[in-house]
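Handing you this structure, nothing more for now.
Think of it as A, B, C and D in the order they're written, each chain with its own count starting at 1.
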Amino acid sequence: MELTGNWFAESVSPDLAVLLRLRAVLFSGATAYQKVEVLDSEVFGRSLVLDGKTQSTEVDEFIYHESLVHPAMLFHPDPKSVFIGGGGEGGTLREVLAHRSVESATMIDLDREVVELCRAHLPNHHRGSFDDPRVTLRHEDARAFLQSGGDGFDVIVLDLVDPLEEGTAYLLYTDEFYRIAKARLNPGGVLVTQSGPAGLPNHRECFTTIFHTLSEVFTHAAAAQVHVPAFQTLWGFTIASDAPLQHQPEPGLDAAIAGRISKPLRHYDGGNPPGNVRPAKVPA
Amino acid sequence: MELTGNWFAESVSPDLAVLLRLRAVLFSGATAYQKVEVLDSEVFGRSLVLDGKTQSTEVDEFIYHESLVHPAMLFHPDPKSVFIGGGGEGGTLREVLAHRSVESATMIDLDREVVELCRAHLPNHHRGSFDDPRVTLRHEDARAFLQSGGDGFDVIVLDLVDPLEEGTAYLLYTDEFYRIAKARLNPGGVLVTQSGPAGLPNHRECFTTIFHTLSEVFTHAAAAQVHVPAFQTLWGFTIASDAPLQHQPEPGLDAAIAGRISKPLRHYDGGNPPGNVRPAKVPA
Amino acid sequence: MELTGNWFAESVSPDLAVLLRLRAVLFSGATAYQKVEVLDSEVFGRSLVLDGKTQSTEVDEFIYHESLVHPAMLFHPDPKSVFIGGGGEGGTLREVLAHRSVESATMIDLDREVVELCRAHLPNHHRGSFDDPRVTLRHEDARAFLQSGGDGFDVIVLDLVDPLEEGTAYLLYTDEFYRIAKARLNPGGVLVTQSGPAGLPNHRECFTTIFHTLSEVFTHAAAAQVHVPAFQTLWGFTIASDAPLQHQPEPGLDAAIAGRISKPLRHYDGGNPPGNVRPAKVPA
Amino acid sequence: MELTGNWFAESVSPDLAVLLRLRAVLFSGATAYQKVEVLDSEVFGRSLVLDGKTQSTEVDEFIYHESLVHPAMLFHPDPKSVFIGGGGEGGTLREVLAHRSVESATMIDLDREVVELCRAHLPNHHRGSFDDPRVTLRHEDARAFLQSGGDGFDVIVLDLVDPLEEGTAYLLYTDEFYRIAKARLNPGGVLVTQSGPAGLPNHRECFTTIFHTLSEVFTHAAAAQVHVPAFQTLWGFTIASDAPLQHQPEPGLDAAIAGRISKPLRHYDGGNPPGNVRPAKVPA
């Protein structure tokens, strides 16, 4: 491959980086909260980059967003009200809204400018989900919002940037925050959070900590991992609930997907969860 | 991360490359067949690089070698004689020899110099397996060897470099070669081959072709994929046999591992195969 | 320095490349003749890149354009009519027009789109020179234009992309083309051409060939070299004439600059030419 | 150019880096004082890298070492005793010893291990100069050595790593150190120091400061700059003396070189100094 041209460089772990050839830089700037870039590449299409980290790309965001949303939603028998923390691209919202049972989705993303940039530049991510009448979109602190009380949620989906010490989301991965979130869950409610890199060399960055923190706050916790090509590594998710997280066997799960989700899925199906959602595989 | 210092650059797919910070270059040269490097890095320890492509690394080779060897070996009820094509590092040989049933392992690696470099520089890969009295090691063309007739094998493990047009192994991924190999399998015999990258952006490079070729030559074929960190992507394997490839349920598989393999495994266990060895997931 | 972020990579010579951190990609596309990018960086400001090679940057283009234009113009006692081949950014035109003696400047740049992109994106390069009433700008083949006959020129300035075999300008560095150009020079006329990299490792790519070709076509030839930071190497220029190329001593040259050029120069002065314009230093 | 393979990355200035394809890493380790690498590349041959910065390369070290040593030596009418601070590769020593007048050369390099690595790995740098009977080599602090008194020197050559705050040589670029060095100069003595990058974007890193510091400590100071390809930029030198630094005209200088230096030079000659050693060109 040719070295010449324009490249986006991103670190995967200490001493390891990825170079992605760029087709265009659609936006490069900063909001009140973070640096933002919207990039375009032959390999991954359009991507959102926050503080130098790829959040999702047009080509493979379905793997990430389906893995984040559907296992958690399907653990709940009938999710009507859903809370989304973060998720500025609108892909998480899109997957949540595909559940026929959903009557309201409340999305809180602190950074209004990021959401506006995504609406303008990433139409294949959100696919109009922000215009769905079931959606309430607010730009404020998710913690304060959850703490302030109000109606409960059946599912809480946390689609936040990784918990870097200097980042905007650091306080949304703590035991304290999870207790606040849990207090807003309806009985039988389920919480899921993206949980950072989950490969052999990097799963200890935050994945195992998040799993263990959630295991202490909730009665049940399950970990999942999936390969997201744009992240160059396995990616982790953690699902937690005080209700049991019981896997359906394969045919039952495929039937549940067909019955409860109003569109075909591209990644998640009955063949995936036994391999992907296995708490026993989270290293101590 | 700091850009300065020494780096190894490797392409993952067109327009995408990985930079790995180097601790040392232990060997850099060429044999009669290929360019060879033995590198050392903080992230992956010692690694073998052939014609610019990472073959395996000290830190994560167990994921690759266990995934290549054990599912195939365990599909066979009692593998006594095993053929290995390629596998110069000795890691495949090491895993094969861990099966208590194995009475002979015949390893054919064309490139004597590569094997000698691995014996000298990669002790944590081979761990002395070349000295096992059950081993016959020869340096010649695997195809000619298999074609020349002789005793049959219960399992054939192909651990070859990817089928690049200009590479040494191109002719060892063809329908013609697979028929030659099959002719040397004992009744009920199993063949497995490493099958190249298996992620969303690159599984069509060779993985799907290999699966479909083997599906035509054998009655049964199964595909597996696993994340190998040093390859920066999912990696594919294909298992083929004229005997049915029947999965044991989880407890049975863990028991089989404990009963048949003389050492603890680090990656492969009863939790893995349902998610990893699923022919249905190979795209058309 | 941090590796993360967006970078422009350019090769300097075989096995050597430069990475420049990008602030923005202002344009990326292709015209009928070549790939074009307008980049922006902290280090060099806005730059024009044609077929992957940096042509000039906002921060240091004055070094290149003054070195290309002024020594050649000052070798001529009274240049009134000037021909410019290439020079799409308008920087060469700007320096030519700064000579009080110039009555007409005819600029032929094949690629109309590049010139329009430069007019739009590189105002600090051309600084309005395209609007000067002395300028005739045409978009056609420079060779055909010169060959077609018409008024002669006192100075011909060739500011073309390097003579790559697949490039647009390859035929404008030949002995045949130089004879065509020479035929359009008025008596005592001077020709100057940018001549590619002139550092120790790369001066043989084209610099020495151009010097020797011009030495055969003209009675006198002189070579100059100057360090252009954005090119990461010394850069070469060759001046040729049938009239003697006689250096003025330092005070005389400073006086000539002050008398003949209508603006202060930023790089070229009496201290530079003895070190920079020395035919003896071109290797055989 | 191909991205794949092994590369050495070095920063030139903020946001700008160079990638050099490596042929081999001959040594990589650390002494008591600094990180040391001996690299080998097709472009530059063998090179010494200290704390990540290239010090000199086999292919172009003659440009650096001739430019450091000869102008300063030739400003002195008859240099018999020379002091060298740093210069572990032995190239500076080699050039000093080429002066027929030299009776003794005292080289103080703090880091014995670096000198030993250079003697072992860089024979084309030192070319046996360490074995010359006129040489005294010591490994101690240059400042303490000069301060401790003893015989005076006709020329002091400082070939130290750049004055980085965390580096070993920071205190050897101060006004205080220059006064100590000056006290050891014989009447009419000359001091020269390498002075860091001297290109448009980076000459203010240390070059201008060194020139101004030396201008205050000595009656006369002269700056030189030369393009060293391996440094990817112009490089600065500063010469200082209480005796006038008077340039000889070109034929006289060529004669002086022929008369006083016992070998042919490859870079420095009568054509160079007027362009290279010009105090007026150091920006304020």
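The working rule: contacts are C-beta pairs under 8 Å (C-beta built on N, C-alpha and C of every residue); 3 or more make two chains touch, one makes a residue touch a chain.
Chain-to-protein mapping (UniProt): A, B, C, D = thermospermine synthase.
Every value quoted in this text rests on a predicted model; they were computed, and no experiment measured them.
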{"item": "Any chain in contact with subunit B (thermospermine synthase) as well as subunit C (thermospermine synthase)", "value": "A, D"}
{"item": "Same vs different contact residues, subunit A (thermospermine synthase) with subunit B (thermospermine synthase), by half of numbers used", "value": "same"}
{"item": "Most distant chain from subunit B (thermospermine synthase) by Cα centroid", "value": "C"}
{"item": "Distance between chain centroids, defined by C-alpha means - subunit A (thermospermine synthase), subunit C (thermospermine synthase) (Å)", "value": "53"}
{"item": "Geometric centre distance via CA averages, subunit B (thermospermine synthase)-subunit A (thermospermine synthase), whole Å", "value": "34"}
{"item": "Where subunit A (thermospermine synthase) and subunit D (thermospermine synthase) are represented by their mean Cα positions, the distance between them in whole Å", "value": "56"}
{"item": "Per-residue multi-chain contacts in subunit B (thermospermine synthase), two or more chains", "value": "1, 3-4, 9, 11, 17, 19"}
{"item": "Subunit D (thermospermine synthase)-facing residues of subunit C (thermospermine synthase), complex", "value": "1, 9, 11-21, 41-44, 59-60, 63, 199-201, 227, 229, 232-234, 271-272, 274-276, 278, 280-281"}
{"item": "Contact footprint of subunit C (thermospermine synthase) on subunit B (thermospermine synthase) as seen in their complex", "value": "1-4, 19"}
{"item": "In the complex with subunit C (thermospermine synthase), residue positions of subunit A (thermospermine synthase) that touch it", "value": "3-11, 17, 22-25, 28, 37, 39, 52"}
